[in-house]
Every structure is written in structure tokens, then in C-alpha cells.
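Next come two complexes built around chain A: one with chain B, the other with chain C.
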Partner chain A sequence: MLNFLLRRILTMVATALVLTFVVFWLTNLPPNLEKLAKSEGNARMTDAEVTSWLDRNGHAQPLLKRYGEWLGVAPGWTDERDGVTSGRCIARGTLPEDNPAFCGVLQGYWGQSTVFKAPVSEIIATRLGLTGILMFWVMVLMVPSALLIGILAGMREGSRLDRVLSTASITTTATPEYVSGVILIVVFSSSMVGLKWFKGTATSAMDGITFENFFLPVLTIALYGMGYIARMTRASMSEVMTAQYIRTARLKGASFGRVVVRHALRNALIAPFTVIMLQFPWLLNGVVIVETLFNFKGFGWTLVQAAGNNDIQLLLGCSVVAVVVVLVTQAMSDVGYVLLNPRIRVS
Partner chain B sequence: MTDAQTPILEIENLSISFFTRSREIPAVMDFSCKVMPGEAMGLVGESGCGKSTVALGVMRDLGRNGRITGGSIRFKGRDITTMGERELRGLRGREIAMIYQEPMASLNPAMKVGAQLAEVPLIHEKIGKAEAWARARAIIEDVRLPDPDRILQAWPHQLSGGQQQRIVIAMALMSRPSLLILDEPTTALDVTVEAGIVDLVRDLAEKHGTSMLFISHNLGLVMDVCDRLCVMYSGEAVETGDVVEVFSEMRHPYTQALFRSIPLPGADKSARPLVAIPGNFPLPHERPPGCNFGPRCDYFVAGRCDAQEIPMLPAGGAPRHNSRCIRVDEIDWDAPPALAATAEPVPPGEVVIEASDLRKYYETAPGMFGGGTAKIVKANEQIDFSARAGETLAIVGESGCGKSTLAKVLMGLEVASAGTVTLNGDQIQQLPVEKRGPALISSLQMVFQNPFDTLNPSMSIGAQIIRALEIFQIGSSAADRHDRMLKLLDLVKLPREFATRKPRQLSGGQKQRVGIARAFAGEAKVVVADEPVSALDVSVQAAVTDLLMEIQRKNRTTLLFISHDLGIVRYLSDRVLVMYLGHVVEIGTTAEVFSPPFHPYTEALLSAVPVADPRVTRKRIVLQGDIPSAMNPPPGCPFQTRCRWKPLVPGNLCETVVPELRPIAGGHRVKCHLTDAQLATMEPVIEVAAE
Partner chain C sequence: MMEELGWAAIFSRLALQFWPVWLALLAVFALSLHYRRRTGLYGRLFDSPLGMVGFGLVMFWVFTALFADLVLTFDPLGQIAQMKNKVPGTITPDGGVYLLGGDNLGRDVFSRMVMGARRVLAIAPAATVFAFMVGVTLGLPAGYRGGRLDAGLSFIANLVLAFPVILLFYLLVTPEIRTTGLPVALAAVLFLFPVVFFTMLWNSRFFTHPAKRNLYVGVTLVLGLWAWSGLAFNADPLGVWSMEPNMLNVFVSVVFVNAPTVFRIVRGLVMDIKTRDYVAAAQTRGEGPWYIMLWEILPNARGPLIVDFCLRIGYTTILLGTLGFFGLGVSPESPDWGSTINDGRRLLTIAPHPAIVPALALLSLVLGLNLLADALREESLKD
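Here is the complex of A and B:
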């Protein structure tokens, strides 16, 4: 088991390196850097000035060197001009000797956001916290109801209950968040329908969550994933219900409820478990739209701001978080799969 | 308890149909049978004849599409067909229990064995969990499994096939049912394991006075286990009666034809060939009017057999012996079968293929970061044999003995670890199949076990055969190849129209014929047939076997016939090679191998095969335990862990030294430490009483 975990972690680190490198390369393409130079320096820079600005700020170095610096495995660039030494790791107004040679993600230095004028690590920590709360409630709502729907639909394949639940699942999962979100707002919080049960914005939820201000965003994200997980669970459940060991259980004299709960459930949950874990990265995706729609200033909203304003450091920070979330959930899904399925034992 | 005169199970005129969207498909029609207390009733027939449907009908578990459309099933006088769901649940598992064909699939993979066993009394009896587990432990001992405490805590996948089936049996017996339904309980198991299971079932049923409904396609097994039997054909019972009575005095043409198509001791491919049943099993919605067997029957009389529904009529002299044949009193049942065309035995020619000290080891990979050590699986050890032109060499052994690995090495799907394989003087053991030229590939071909999976479902039959011709680089033009393809269809006795058909339109036997046509497309010198008929129904097996041998005779092909079915091996092979755990333990002519002296494993293997002939007496030698894993073989002689002759060998010779494959007489060689004098004391396993 230890060996398995070790291997798992090593492959994860390797994947993380590759993925962050790709993002780094894409966000640091020359046009982006030119835009950065113009927004940081001044908008009417000549091409020669742009080049010299980039050179002064370490952006003219080879890509790998810059990636290494950002990661914190290569020493930060230094630039001596007019007797003043500036550099990646040298805070303005301090001497080079007082600063470390390396400053990258590994050292905890995530860079400075150009939009929010604050350290990236700080921004991400607060925003991720807010999104975490949103995700938590989404999971609380989505997973149990999806599993329940899937199991109810799958235990008697082709029954009326199955058809009703399956149609509902397909409908919700075929409706993107920006459609379902708008519909929900219109129906439950606008004066057009007049129900006005919930608030159409979640801005106030950042200070204190209430059912009224938080239910709609949670529901919007949950609905989409719910249909998907329910379909997976149903497929898995209906397959398990035709298995021979289910017949064995039935012919032991076990009641239908007992057959479903004691014999089918655990076997049927093995497949959807992976899907549920895959939903976490998907949620990040949905979060981008829903947070913008409901003006909930979490991770997704931050990502939109960073991308819209060419905030390279913040974008890179967001991508690191996304990569870590994907990899960690995948590892968890593998471990959970092993625990659920006794036939798979790590050797 | 019921008195001896009330039947445990009485089925009267039962009809079961399955309903699809378009039509009703009758699966069982007008089926009647009676099982008395303590009696074992055999239900025999080919796949699709409705025998399993009867069993599930008794359990009232026919799924959503199945329905009982007529008749009654009375269990201890109560009619099951009208019972409510609650009442049925009380019956299932408590009064009627079932044992299934595939033990692995029948056990819940995510539940410990103990929990699955204890569940039965927990459902049916008001007892505590501790008591239920104690009962489970006791029953594990009853089914003779070692170390019950470990097994209680084991997951199903941690047990071997034989152990799993014992657990399924234990589960069925947990609540002491009065009726046990066994649906092909040993079909998925090896013969030596099967013998143990059959013994166990018989002993336990006797001990508890349980009645049995035993479903099988294996006539020999039914004779071993049952008192009475019922032969089914296409949804109907065609003959029922006492087992010995029916086996010695068959009174239905189907029963008779079935017996003539299975290789019993005494059948011989040259002098007394098998008689195949012509035609195919009718599909449920294409049944002929009148007698279902009519179109395939030798005694068919138009205007009588197809004029009306045929009722069950009393047959023979014995009571309770009935036959669904309108001409039961007219047919001369003792007339010998019209002798099918016999053929002269083919004298073997020069040696075509030869293996010498062939070994194939697999290495299991260690962990990626060096965790764990590599293990070596010795799939083949010191294989020595040669086969001549026109000869059939059978390779016999149970699953895991290495016979399929041997086939793979011969075909070039694997390369040998050591030793040589010589084909027509060329060494080919290190040539993987992709490096073999078309001439070599076409001269060494294979017929596979499962005809259902080996044909491409989206290509027509003709195209697949033409593709083989292209690969073998035979034929000068497309027209020439098309012509050759039609001739190949003639060769395997398929109508030429089949060239344009897709595999799904063919029956299993027909598909296997296509497989044979493909193998012989390049006039193969050597054909490796890996269990070519074991996936087919009994009545089709004979026809496919005959075809294979006819082509062999014509082309003087060397046939390496891999099989676990000793009946068919005895019937068609010239020489036999017995394998156990990768070793050749005995090799010789068929007569030498099938009569003493034996290798102790061959002796046990022979005795484990049930023979469907009441005149045959058979010594029962039941091997203890399972076949050891090839990953962790026992030291010394591979068979020493299960050998009953081991005490006769002095010292610990068997445990330490691998015996030599030493000659006994002529080409007969045995890998055993027993002395010639000890081997000479062996008695024949099978004796046929004089007629």
C-alpha cells in the first residue's frame, strides 16, 4: 500500500509539473507579455521600449529558465542598472543580500496580482475559501440526491419510476448552468413570475450564508452534476440488478429491499464513485459561470477577472490550484475504489 | 414431515412462455414430472431445451417477461403458481434452494463468504447473528472445506472455483431445504474437481434426505447422481423414467440419437463412428407441427408424426417410463444404428512437428519502484513430443495445466523460453507469428474454442475466408480466391449461399465449420484444435468432430487436439499426451494411456469422467484439494500433493525429486517414481460388461 501511494504521488507530481508548464507557456506567450508591459509601464510604449521593459523585468530569458524561477528551482533573475540591483526576489528598496536567491511557488511566493494589487497567495486563499463553502453545499445536495435517484431508477429498470427519474436526469444534465441559472433566477427571484422565494444574487452570502441567498447558486451547480451522476448510478445499478448473485440473493428468500440494500448497493456504487470524484474538477468549471452569474466573488469569479485582465501571476496561481484539485481527487478516487472493491488489492 | 407417498414436487402440464414486444415465445410446453422425497430427478437436454426455465419456474423467478401460462407446480401439496410474493419468499432458500452453474458469478463479490452464508438463517429463522455465524462455520465443515474460520472471513474471489462451488452448496443447505435444484452445478469446473463436488452433493442429500432436481447436459453425470431422469427437447419432455431403465432401454428417437452421438467407451473413429443428429435444434418460434423432433428423426412418418400434438405415452415395460413418441410401440429399438460410412485408419507418416525439452516461463512483473520480487510461472516444463503426418495427438489436462500455453508457443503467439519446436525440419520456437512468412503461417493453423468470438461480426463469411486466403497468399486473382472460398465451404459442408451471410445468422456448429474452413484454407500441415467442440451442443459435437477428421484424412494433416473431454479424446486420437502443472506426465498411444499401467494422475482423471452407460463400471478415485498454482508449484513431483500412490514410494523421493519421463513399453512413457512392478499392479478404471 505504501509503495502504491508513493508511486501515485510521484506520478501526480510529474503530471502537475507538465500541466503547470503548459499553462505557464500559454500565459507567457509574447503577445501577453507585450500587453503586460504596456499595462504595467504605459500604454503608448514603442516596440523598443517594450523590449527593454521585458528585458529589465526578466521576461526576455529562455522559457525554461523563467518557468524554473516561477517554480522556485532556479535562482531569480537579477538586473543591475545604474548601480541599483533589482531582481525577481528583491523587494523594492531592499538590498540584494537581504533577499533569498530563490523565490517561486515552492517557496510560497506566488507573485503579485496586477488586478487586485495584492499577493496572489492571499487572493487565492480567501477566494478558494468562499468557493470551498459553495462546493461543500453543492456536494451535500448533489451526491446523496443523485445516488438516491440513480438507485431508485436502476433497481427496477424500465419501470415507470425509472422512466420518470431518467427523463428528469437527462433534462438537468443537458441544461448548462448559464441556462438553468437564468431560468431559476427568473422563476424564483424575479418579479416576472413573482415567487421571489430566493435572492437572485449571492453577494451577501460572502458575509453570512442564509438559505435565501445561497440556495439558487448551489442548486444551479448541483442540478447539472446530479443528472450525470444519477445516470451513471442508474446504469451501474441496473447492471448489478441483473447479476447472478442478485438472483442468488433473491432465491435465498431475501426481500426486495434487502436485496437492494445488502447486495446491490455496494457493488453498484463502485462505478459512480469514480464519476463523483471526477465531478470535483467539473464543479470548478461550473463555478466560473455560476459565481459570475450570482456575483459570488469566489475562485471562479477570480479566474474570470484574471483571464479578462491578463493577470498572468494570478492565472498561474489559479491553474496550480486547479491542477492540484484534479490530481488529488483522482488519487482519492483510486484509493476509494480499492476500498470499495475487494477484488482490487494493491500489491 | 411428509409421508413417503406425497411427492415433494409435482409438476403437471406446465407451460411457460416469454413475452417479447412482438410475440409470445413458448419455452416450456406441457411439462410434467414428479419428485418423491429423497429422490434425485435428472433433467437432461441441450442448451435451449427449456430445462433451466423449468427450474426457474419452480422458483417462480422468471423475470419480467416470463410467465407461467398453464399447468401447476405443487410443492408438498401447495400450488406454487398461485402463491403471493411473501409466501414465495418463505419458500425460497428455506424449502427450495438452488445451486448454480457459475459459482463465481453466483456469489456477491463485495460480501464476505460468512456473511452470505449466515444471511440465509437470518432471513428465515429468528436467530441471532452469532448463532447464524456458528451455523455457517459448521456447514463449511460439512462441505469439507479446510480452515473454516479463514473461509468465513474470505472474499469470494480469494477462493478457487471448486471452493466457491462448495460455498454455493453450503449456502443452499444452510436451512436444510427439502428440495435442491442444481442447474449445471459442475459445468464450469474441472473433471477432478467435479468428481469431488458430485460426491459431496450425493452424500449430503442422502444425509438430510433432500430431494434433488438435477439439471445437466452431461448424460454421464446424470447417471452418476440421479435415480430418475427426464429428457427434454425443444421445450417438451420427450422421455422420462428410471435412469438405468432409460439408459438401457431408450424409447424415444431423440434419446437414442443423443446417446449415439456421444463417444462412449467402445466407440472408434474408424470402425464404429459416432452418428451425428442431422439438422439443427429448432428455434422456439419455428417449431414444426406435431413432434418437435420430427424433422431430424430417422423414424419420421409424414402424416402421422406431424399430424397432431404427441402426448406422453407409456413406454417399455417398467412403470413410470413414458415417451413422447407416437410410434413407440412400432419401432424396433434394439436395431443397431445404420452404420455410418466407416473409413480405413490412416497409417501415420513421417514426423511433421516435434518439440524437444520445450519450456515456457512467464515472469510476473515486480512493482515499478522495485517493490516485491519477480515471480516465475513455469507454464510449460520439459515438453517432449512428436507428431506424424495424418496423426491425431491429443493434449489432455485440466485448466491451468499449460496446454493452452503450449498451443500459443506452437502458434508463435509466445516464444519459447528454452528448447526447440521443429516443423518440417525448421526450428520455429523463437519466431513470433508476425515474423512468420505466409507459407509457415498457412501450414500451421489453429481452430479455436469459442466459435462465437473468433469470427468478425461485421464481415460476411465468404469475405472472412477470402481474407485468410489473401493472408496465406493463395490464389492468383480475386476470382480465383472466390472460387477457392466456395470450394472450402463445400469442404466443411456448408451451403454456398452462406458466403454472403454474417456470423450472427449462423448456429454455433456452423460457425465452427467456418473456423475449420479458415484453418484449412492454406492446406495446413498441422492444425492445433483448442477444445474445438466444447462450446457446442452434444448433438452438434459429433458432426463437427467427424468433419474435422474427414478433412484430416483427406489432407493427411497432423491434428493436435487439445481437450479436457476424455470421451472425445479416446474416440478420435491416435496418441495422447497428459499434462499436469506444465509437465508431460504421460504420453503414449490411446490404448496405452487409457489402460493400466497409468500415471497416478491419468488414473484419477479417467475415473473422474462420468460415463453414460449402465454397462460400464468405473472405479471412483476422488482427488483431494485443488490443482496447485503454477506460481507456487510443489517441490519434486508436480502431482505429489494429490497422489494416492505416494506412500508406496520410499523416503521423500516424491517431495524432492522430479521424476524422469521414462519409457514403460514402446512409445509409452510415464513421469513417475513408482517401480514397474508397482505400476503393474494397477487395475483398469473402466470396465465394460460383456454385452
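Here is the complex of A and C:
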């Protein structure tokens, strides 16, 4: 087990390093840096001025060196000009000796956002908090209802209830968030249908969450994932229901309800657990779309702003968070599966 | 005050407008139902009602895309200033009807939706085919040989899968990235896989008949490399094969995102099938590894692959919609469904029809594909 965990963690770290390096490379491509120079310096810079600006700000070094600096394993660049030493780690107006040599993600220095004019770590912390609330309610709505639908459908395979619920789950998996969101907004908050039960934006939810301003975004994300989890639960439930021990329990005279709740449920829920964990990367996509659609200024909205405005440091910060979320949930689903399923041994 | 048609009139006119599609659908269904006992898995599809619904929905959009020029009523890019945000059924100044209303620039929502079908169906199936070519060509040896090759390829596949899709799109589908040549390089690698696949396919089968082998491999190489030079580098001397840079960028990214999942599926299937007796028999006969992979294992893995192919076209359609929704890699005028939803969503509470029409179109196409995949899975499990 220890060996398994160790290997798992090593792969995870390697994956994280390669992925962040790829993001670093793609965000620091020459055209992006040129845009950065023009937006930070002067929009009418000549090519020579751009080159010298990049040189002065440490962007002309080899890619690997810059990545190392950003990560915090290589010392930050310094540049001495006219007797003033500037550098990556040197705050303006301070002496080089008062500042650390290394400053990168590992030291907790995530850089400065050019769009929001604030430290990246601060922005991500607040935005992630808002998205956390959204995700929490999505989970509260999605997981129990998906499991319930899956269990009800898988209990008696081929029954009318199964057909109806399965078709409904196929429909929700066929509806991406930007479609279901649009339909829900039109039905529940437009003047055309006239129901006006909920608000079409979630901007006000950032100050205070009410059912009225938060239900539609939560439902939009939950619907897309719900169908998939329900189908997995159904498949696993219907497989368990054909197992020998279920028949034994039925023959012993246990009632159908008791068999489902006491005997089938625990084994049927192993597979959905992994699926729910693996849904996190998908939810991340959903979050980006829904936050853009409902104008809820959380993590996904920030990612879009950063990407759309060439905010390199913020985009890198967002990618680190996204990659870590994906890798951690993948690892959790693997380990959880091993722990939950007595038939799998790691040696 | 402009005149408007009622909903009944709108729907009957819409139904009439789709006449070539109805005719084609009728022909396909009549033929398929008549010959359904002789067409194998395809014919058995018509035994399940949901399968027929799915097939019908998919074919509806396929024919709409094919006959788009006959179905649409206006130029999808033409703007009529008086028709901005007009409700469905509004009559234009020169006597035509905007059946599903006008969008915020006064373009016909219906015609744009029809033209959008053509755009979506031009990219999604082709991108899925390429993703399958890449996934199959790499997944077969990874599953069959295992070892270092498998470990390396799986690590790369997991890398791509651990990337949040939207982030990847934002990094890969930008106008700036084209100047770096990265999409062309990616295209050069990804588009080579079909050529490799077919070369291996013919070579492994016919290497004992050099004349036949040389003919097949030769034709594959000539056609494949010709198309490859045109599609990836836009360097086709005859100008038959070409792809505009925007489209290439979108296409490559979608293939890149889909290929690792196909790889994982193929690899899993191969690892299961390679323990079968007929594989052992082929090995005993002394067949080469590529013959076993391509002519023994692959045909026996086709069931799950066909099902996944249907699902994946749907998923690719969703991905293309996502790209359009974020305005990535499409020209602002483009009628594809994702960008029309994006254009329409700003006025959603006042004029919902420009967004809801493409939304329902996308929903019905993906739903059709999912129902089709589900029916195929059930029917193929029956025997």
C-alpha cells in the first residue's frame, strides 16, 4: 500500500510539473510577451523598445530558467542599471539585501495580476471561495438526486420506471451547460414565458445568497453531471441486483425494500464514488461556463478574464489551482476505490 | 407596426421549408425498414423505438446540413436593419418572413440555425474520425505490447486528460498562437496518423503479395500525403485540400482533446481481447504483431468503439459549441451554434429566440447521437 501511494504521489508531482511547464510555455510565447510589454509599457513601442523592455524585466532569459524562477527553484533575476538594482524578488524601493533570493509559487509568491492590479494569490483566494460555495450547493443538489435516480432505475432493470429515468438521464447528459442555462433562464426568468421565478444573473449572489438568485446556476451545473452519475449508479446497481447473494437474501424472505437498502446499496455505491470524484474536472468546465453565463464573479469567471486579457501571472495561478484540483480528485478516486472495494489488493 | 404570423402558421411554414429533409428521411427509413433483416446491427437498430428516434434526429440534422441551401430562407449573413430582435414570424419590408425572428443585428435566426448545422456537421464527425485514428494507432501497440511503451504513452494521455478542457482551449485557440506555428506543428503530427494507420493496415495484410501491397500502400501514401500537405501546411500544389487557419486551429484542438480518451478505451479493449484464443492462434501461426492488432483484435473491438464513436461526435459537438460560446477560433459572423448562443445570451430576458433556437438545435443533435449510441449498445449486447 505504501509503495502504491508513493508511486502515485510521484506520478502526480511529475504530471503537475509537466502541466505547469506546458502552461508556462504557452502563456509566455513571444506574441503574448510582446502584448504584455505593450500593455505594461506603451502601446506604440517599437520592436527594439519591446525587446529592451522584455530584457529589463527578465523575460529574455531561457524558458527553463524563467519557469524555475516562477516555480521558486531558481533564484530570481536581477538587473543592474544606472546604479539601481531591480529584480524579480526585489520590491520597488528596497535594497536587494532585504529581499529573498528565491520567490516563486513554492514560496507563496504568485505574482501580480495586470488586469485586477492586485496580488494573484489574493484574487484567487477570494474567487475560489465564491466558487467553493457554488460547488458546495451543486454537490448538495447533484449527488443525492443522481444516486436516487440511479438506484430507482437500476432496482428493476427494464421496468417502465427504469426506461423513463434512463431517458431523462440521457437527455441531461446531452445538454451542455450553455444550452440548459439558456433554456432555464428563458423559462424561469424571461418576460417571454413570464414565470419570473428566479433571477437570470447571479451577480447579487456574491453579496448574499438567496434561493432566487442562486438556484438557476446551481441547477445548470448539477443537471449536466447528474445524468452521468445516475447512469453509472444504474449500471452498477443493476449488476449488483443480479448477484447471487441478492437472490439468497430474497429467497430467505427478506422484503424487496430491505434487500435494496441493506444488501445491494453498499456494493452498488462503490463505482459511483469514483465517478463522482472524477466529475470534478468536468465541474470545473461547468463552473467556467455557468459563471460566465450568470455573471457570477468566481474562479471560472476569473480564468476567462485572465485568458481574455493576456494576464499571464493570473492565468498561471488559475492553471495551478485547476491542475491541482484535477490531480487530487483523481488520486482520491483511485485510493478511495481501493479502500472501498475489498476485491482489489495493492501489493 | 409590422405584421406577424401566428405560431400555427410559423410551424406549418417551418415544416414546409424542410421538405428536402423530410423526403430524404422518408427514403432512408423506408429502405432501412424494408431491408432491416439483412443489414445486421444497423437493421436491428430499427427494433428499438428509442434507437429509431435517435437515428431520426441525427439523420434530420445530417440532411439539413446537406440541403442547407434549399432549406434556408435568407442569406445567413445578410442584415435587415428593421428586423433587429423581431419576434418569430415577423414579415420583412420586402415581403419575406423571418420564421424564427431576427437577431440583434437583424439577421434571420432560422437561416443561421440551418447554416450552423452545416458548420457543426462539417467539423464534428471529421474531428472524431481523426481522434479515433490517433487513439487507435497508439492504443493498439500500447495495449498489445504493454511495458515501457504503454507506460510512456499512458503518461502522455493522462497529461492531456488532466488539463481542464477550457484552459487548453484558451491556450491553444488564440489568434496569437497562429504566429508561432504551433497549430501547424500539431496538425502535422495528428494528421499523419491516418496515413500511418492505413499504411500499416494494408502492409500487414498483403506483404505476402507484393504487387497488391505496393498498389494499396502506394495509393494510400499518394492520397494521404497529398491531403496531409494540403490540410496541415496549406501547401497542396493543386489546391484541392486546404483548411483556413481558424478552422485548422479549432479542428486540431478538438482532435487533441479527444484522442487521449479514445487511446484509453482502445488500450483497455486490447488488453482484454489479447488474452483470447484466436489471438494465441494467430501468434502460433507466426503472424506479425501489426497483423494481429489490426486484423484480429481491432475488428473484435468494433462494438464498443462504434458506440463510443456516436457518443464522441456528440461530445465533440458540445466542445465546438463551448468554443463558439467563448468566441474562440470563430469569425464574428459565423453562424455556428455556439457563437449564436453566445451572441443571443446578452439579451436573453428580452429577446430569447436568437439564443434558444440554436440551443435547442444543439440539444436535439447531441440527444439523437446519445440515444443512437445507447440503442446500438443494447442491440449489440443482445447476441
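By our rule, the second predicted complex is superposed on the first by the 336 of 347 C-alpha atoms of A that agree within 3 Å, B and C clash if a C-alpha of one lies under 4 Å from a C-alpha of the other, contacts with A are read in each partner's own complex, and residues count from 1 in each chain.
As a working rule, contacts are C-beta pairs under 8 Å (C-beta built on N, C-alpha and C of every residue); 3 or more make two chains touch, one makes a residue touch a chain.
Owing to the predicted nature of the structure, the values given are computational and were not obtained by experimental measurement.
Student: Touching A:Gln244, do we find chain B (first), chain C (second), both, or neither?
Tutor: Once the two structures are laid over each other on A, A:Gln244 reaches chain B alone.
Student: For chain A, which side has the bigger count of touched residues, chain B or chain C?
Tutor: C
Student: In the overlay, answer first, second, both or neither for which of chain B and chain C A:Gly253 touches.
Tutor: First partner only, chain B.
Student: Report for A:Leu340: first if it touches chain B alone, second if chain C alone, otherwise both or neither.
Tutor: The answer is first: A:Leu340 touches chain B but not chain C.
Student: Taking the superposition as given, does A:Val186 touch the first partner, chain B, the second, chain C, both, or neither?
Tutor: second
Student: Which partner chains sit in contact with A:Thr46 here, chain B, chain C, both or neither? Use first/second/both/neither.
Tutor: Neither partner.
Student: Under the contact rule defined above, give the chain A residues that sit at the interface with chain B and also at the interface with chain C.
Tutor: none
Student: Considering the complex alone, what residue numbers of chain A touch chain C?
Tutor: 11, 14-15, 18-19, 22-23, 26-27, 29-32, 35, 166-167, 170-171, 173-176, 178-179, 182-183, 185-186, 189-192, 200, 281, 284-285, 288-289, 292-293, 303-304, 307-308, 315, 318-319, 322-323, 326-327, 330
Student: Using the touch rule from the top, collect the residues of chain C that touch chain A in their complex.
Tutor: Contacts found on chain C: 50, 155, 158-159, 162-167, 170-172, 176-177, 179-180, 182, 314, 318, 321-322, 325-326, 338, 341-342, 344-345, 348-350, 352, 355-356, 359-360, 362-363, 366-367, 369-371, 374.
Student: Note which residues of chain B are touching chain A in the complex, please.
Tutor: 59, 61, 64, 89-94, 97-98, 100, 102, 105-111, 119-120, 123-124, 155, 157, 168, 171, 367-369, 371-372
Student: For the complex, give me every residue of chain A touching chain B.
Tutor: For chain A paired with chain B, touching residues are 3, 6-7, 10, 158, 243-245, 247-255, 258, 262-263, 266-267, 270, 340-343, 347.
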